[in-house]
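When the chains are written out, they are named A, B, C, D and E in that same order, and each has its own residue count from 1.
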Amino acid sequence: GGSSESSTAYKIGFIGPMTGDNANYGILCSQAVKLAVDQANAKGGINGTQIELIIEDSEGNQEKGMAAIEKLSSTDKISCLVGPVFTGVSFAVGERCQAEGIPMMSPSATHKDITAIGDYVFRTVVSDGLQGEVAGHYFYEVLGYRNIGCLYIKNDYSQGLYEGMKAAFEACGGKVSAVETAQLGDKDFKTQLTKLKAANVEAIYIPNYTVEMAQQLEQAAQVGLNVPFLSCDGFSNPEIYDLAGDYTNGVIYIAPTQVEESDSYKQFVADYTAAFGVAPDSFATNAFDATNIYIKVMKEVGSDRTAIRNGVASIKDYQGVTGTVNFAENGDLIAYQGVYRVENQTPIYIGAYTVDGGKLVEVK
Amino acid sequence: MSELLTIENIDVCYGNIKALSGVSMHVDQGDIVCLIGANGAGKSTLLKSIVGLEGLTNGQICFDGEVICQAKKVKHTTDQIAKMGISLVPEGRRVFADMTVEENLDMGAFMVRDQNVIAKKKEEMFDFFPILGARRKQKTRSLSGGEQQMMAIARALMSSPRMILLDEPGLGLAPLIIQDIFNKIALINKQDKVTIFLVEQNARMALKASNKGYVMENGKIVLADKASNLLTNEKVKAAYLGE
Amino acid sequence: MSFFQIILIYTCIYALMAIGQNLITGYGGMLSLCQAGFFALGSYATAILTTTYGWNFWLTLPVAVLISAICGFAIGMPTLRLKGDYLAIATLGFGEIVRNVINNWDSLTKGPMGIQKIPQAAILGFKFNPYKKTAFLIMLVVVLAICYFLFRRLARSRMGRALAAVREDEIAAASMGINTTKYKVSAFILGASVAGIAGSFQAVYILSVTPGTYTFMVSIMVLCMVVLGGMGNFLACILGAFIIQFISYFPQLTGLTNVIPAQAKQIIFGLILVVMMIWRPQGIMGREKFDYSGEKRKKGAKDATRN
Amino acid sequence: MLLETEKLSRVYGGVVAVNEVDFRVQEGLITGLIGPNGAGKTTLFNNMTGLDTPTNGKVLFEGKDITGKKANEICRLGIARTFQNIRLFKEMSVVENVMIGRHFKVGDKNKGRFLQSVKSYFFMKNEEKTIYNKALEYLDFFGLADLRNEDAKALPYGHQRELEIARAMATEPKLLFLDEPAAGMNPQETEHLMEMISRIRSLGVSVVLIEHDMKLVMNICDEITVLNFGNKIASGTPNAIKHDPVVIEAYLGSEEDD
Amino acid sequence: MSSVAVFFQHLTNGLTLGGIYALIALGYTMVYGILKFINFAHGDILMVGAYMGMFAFDFLRGDAPLGAWTFISFLLAMIFSAVFCAVLGMFIEKVAYKPLRRAARLAPLLSAIGVSFILSNGAAWMWGTQSRKLNYPFDNSPITILGISITPHQILVLIVSFAMMVALTLFVGKSRMGKAMRATSLDQDTAQLMGINVNVVISLTFAIGSALAAVGGMLIALDYKCYPTLGTMTGLKAFVAAVVGGIGNISGAMLGGILLGLVETFGVAVLGIPQGYKDTIAFVILIIILLLKPEGILGKVEKEKV
């Protein structure tokens, strides 16, 4: 890190959809980043220098994402990037970050191949690969389902989870006998739900975004579909309880673990809610950790991009609000998957799992 | 006789082309006045500015003692002017193409609220233009050109206006029908005391039917006289009567 | 000003689409809303051929054009009977169909995952690295210039005039011996082709494609560029493309992004659209009036035109 | 016979607009088509020029059956027309309107279509110049050359009518259909128009015209056909028509003494 | 489920989805019918209506449990929202569209796109981007008859859209104002010559269209929730429905909406084509309909008279 002594600029960039159809995700994450930066600055910043945060809007679209990273890299000369939020944008922006040596850490892009872009790409969210795998095993081995249905959105996130789950579930010997899809932005799922109802499956996996899942749960009741629903990390957004209320009861979902446990998490939720008036979702929580990891590393190595990347790669057992953070060789988060069951509109933590050598392993 | 319509020194421009300049004229209550002039002289423009469809850049227009249009500001909107009792048969017919003949007539009577009066008026029109009666349920767009012209005239009569402005009422009509129309104009002028202001290419017929005539050239009034005098005026004969 | 370059790059890509839209809408008077569809076809043709089949970018370009042209023909031919907003809906439908098929034909397009790692365009080993912008921009400017001259030339020839006649009055045009169908379909084909070219370059600029980029909003933006610049004026299309891109990246260019809320940018964008239209409903430059004899055309009295 | 219809009928729902009409146009003559409003004159025109298709009957042009052909094909065969409700290309300039009339008149018959379009693309300047100059000739013919750069819509009504004829003439037709060319013209202008039409005939173009201005019709037509309620009620020379009681009853009315 | 029951469940789903499209399409068609331009911002007015209704409803209802009062306060909120949107609609017309009445046809379309941006992003700015729930003012548990489930909300949507259709048809076809609207839509200048105040007519058209949007918005938000882009996607679909039905034709909008709902449902449910191609099937069928009937299903095919 050659420039570590030049104390001038500690700039963190953020890219996410701040406007457009999916702005909610970007806004929630950006607020978490802002919270982390503000907290650090309140404590004197990095070695007395204030950290600067630059938020750019991608509108969830590759084209705008490219413009955003262009600006962050050439005009602002950021040291590191939190984001992008969506997989599609992350692929485009990731290549650029890799080419220019800007450390990038996504709090939410879950496509399994994102970290394969290169060694400058990290994420504080679990790859769909693992989540789907744990889900498949858990449904088969622990819940004992043999024949389930699935309703997913045709986007990278939902489809990735579905594919991961299906592979694992069928490898165990189960069968995903009814699969329905929908388009992002759909609000009416009654056709699909009616077809699933006619298919007589034991349970239905809905690996989708919060808003869509809320619709699906409610409309399932409307078409008289009465089977257990299984879900994914999208369910960890507390918004779901506002939107779907009692329909959430009984849902079992798989999501990054330990969220519920720690005091630091509770503190974060409290701070976040106080600052912005809404509760954070799991991606915002990830973004908070990502930012803090950068700040911690920058405190040690300064603002040089390569030094930051190396610093991040060598992080060990970082205690964040999401739990203990470690990065794998490829930049993926090493994490366990928690299993939760919703009762009375509150998630009850059941246990943490991972998959090792094709076997479901409970982590204690 | 009192002046019903007074036009005082008006100018009208399309962009930077001056279509009317310094036009002054008046139409007396109960008169039939006709305006003749070559193509592009500005006759239609004058009629449009009377009903407020074109703005003035200079001068003013009064109807029944009240200023209805004034340069640079709209005194009255077209619908208000229509409500004061001026009815225009516009150039090019401008029928409501997607409405039936009957609906068009209903629109003409938009300001009339009494259904019986409307029904009576309609029958009157169908008597006068039997072919319209035969086509009463037909969409106006499929009428022949002449039928549309009759339609436009009939529509203007529906509101029993105080004054009718006719822009080339004979356009596209068979000779017999034109004659009929001029007879009818004379009739409503006499019977219903409707003042008529007429623009017509068939100058001879128009002047014969009128009491008074104006001749317009290049946006200016160049002659104003009794209609009978104009009919014998050599210049007019040469330029507009085709002799 | 390297951020400014990115505005110029997007200006070029969108200007290509706008030129096509101008031929269809500005000249032919057909309200088509599917430039995004052809844009997507071009992008995916390049993405698939370069990654799955290892083709050279330059070879994929004619394929992109061909595919777009064929689809332009396929959509143009049957829908020509439709008028005005009915045509708009049919073409909008086509654009959505393209996106929908791309999103669902996983085996070919990799569905919602999109296609990554598209190789950079190169000539004789010289790479047009999108991150280094300058060379890429020059390449785009050259392509745009070529398309501009080809299209403008076309427009001021018999074809352009025939299209204008079809727009003004189809019945009268037919009665003058113009085969209206032929010209309308040609406009569609040509308009689609340039959008395909734009798509190809988009693919080698972003280096990955996902269906989310090719939404209906792209078609709307392209239409805005044409109307804002001035319908029936190719130079105005490029200007329109620049203005729209400039407005949408203005906060980033000036470093205002952190000062104003993200939505403010879009609200300002909306305001500018409204104000511009009220200020100059015929577009900034207005329709181009060709002058056949070397003498200047008189300015029309009332320029605001209905069509 | 240059053009003839055989028992041509056109029925709209219940309305028989044209009923089994045999209409004949002889080469080199000016043929008038008259009749009361709604008699079916315009409808007959439309059916002969491809803008409408007859319910029954045939249209023959130079002996060939052209029934049901498209308007653009018929135009290329050598039939041009004007419209009762003027249909100019309003936003285009006067000269451009006429240039449209030249649309299919350029090109080299010996070359294939593709080569031809490539050629016309690269030698556009020349081609355009030819078209432009030719268009100016037609404008000159009507004395409209000075207005060549106006928007067509800004012309006064009478000039618009003339422009429409110029545009039709630019297609170099063998047969020209005029639908009420004198409507909206004053007697003097009508006289000028009559001259123009005679000159058109002297150029070897046959003319068919619909008109309500009897002075014009009787003065320049060689042949007149009269329609009433869709039926042909008479045809013959102007003199014969003028004194035909059926025509007087239906259309002309008793002559006004003046 | 028996296959007959499945069929009828699909039918129910399709009809009620169609009802939602129809609800929006009616307002679209109404404005289009008079002004001949696509009011791109219609969907956004609908979204504003949903939000205003939600605020008013929450305020009026307070903590009251489901009962007569919730229903009354919902109706009051609806009236409030309708009035609010009517004023908003008239305001937008005055500012953004009126100056463009004589301009090129696409100019107001662009202006409308601008307005749409302003409204949806303004809403995101003021009210946040997260979905917010508009609570049902009644118990919405599904009613099951012979294995087919339908909710009171779905029935309500169908009834309201049908009632709106009838009311609008009567209004436009029979009332004086309605006639003035038709005349204005055909030729504004000539309408003025008949003594029609076109400014009032157009303002009123916008007011009615926007009030309908508000009512529709609230009914839709009950199911879809309130969020800033509520009107965009559904609005687009509804516009498609309006066009397919024959734009400007009120019954056509209803028919188009229902048809679109059925096509989206059955295209996938019955033809057995993968669900992902739902939109493709819907659009293909719609394009085919347009090709067979270029003026829309109930549109009038009137050949131009030359």
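Everything that follows uses one rule, which is that a residue touches a chain if its C-beta (ideal position, glycine included) is under 8 Å from a C-beta of that chain, and two chains touch if they have at least 3 such contacts.
Bear in mind that the values here come from a model prediction, so they are computed numbers and not experimental data.
Shared contact partners of chain A and chain C are E.
Chain centres computed from CA atoms place B at the largest separation from chain C. Seen from the C-alpha centroid of chain D, the farthest chain centroid is that of A. Just count the C-beta contacts per chain pair and the biggest one is C-E. For the pair chain A and chain D, the distance between mean C-alpha positions equals 73 Å. Averaged C-alpha coordinates give centres for chain C and chain E that are 30 Å from one another. Rounded to whole angstrom units, the spacing between the C-alpha centres of chain D and chain E is 48. Our note on geometry: chain B versus chain D, Cα centroid distance of 30 Å, whole angstroms.
Each of residues 14, 17, 142-143 in chain B touches at least two other chains. Shown for chain E are the residues that touch two or more other chains, namely 121, 124, 274, 276, 278-279, 304, 306. Shared interface positions of chain A, i.e. residues touching 2 or more other chains, are given as 19, 23, 27, 154, 181, 183. Only residues 25, 31, 78-79, 81-83, 85-86, 88-90, 92-94, 96-97, 100-101, 103-104, 171, 216, 220, 223-224, 227-228, 231, 261, 263-264, 266-267, 269-274, 276-278, 281-282, 304-307 of chain C touch chain E when the two sit together in their complex. In the complex of the two chains, the chain E residues touching chain B come out as 176, 179-180, 182-183, 186-187, 189-199, 300, 302, 304-305. Those residues of chain C that touch chain D in the complex are listed here as 153-154, 156-158, 161-162, 164-165, 168-169, 171-180, 287, 289-290, 292-293, 295, 297-298, 300-301, 305, 307. The part of chain D that touches chain B in the complex is made up of residues 12, 15, 35-39, 41-43, 84-85, 154-159, 180, 183-191, 212, 214-215, 251-253, 256, 258. On the side of chain B, the complex with chain E involves touching residues 51-53, 77-80, 82-83, 87-88, 90, 94-99, 103, 106-108, 110-111, 139, 141-143, 155, 159.
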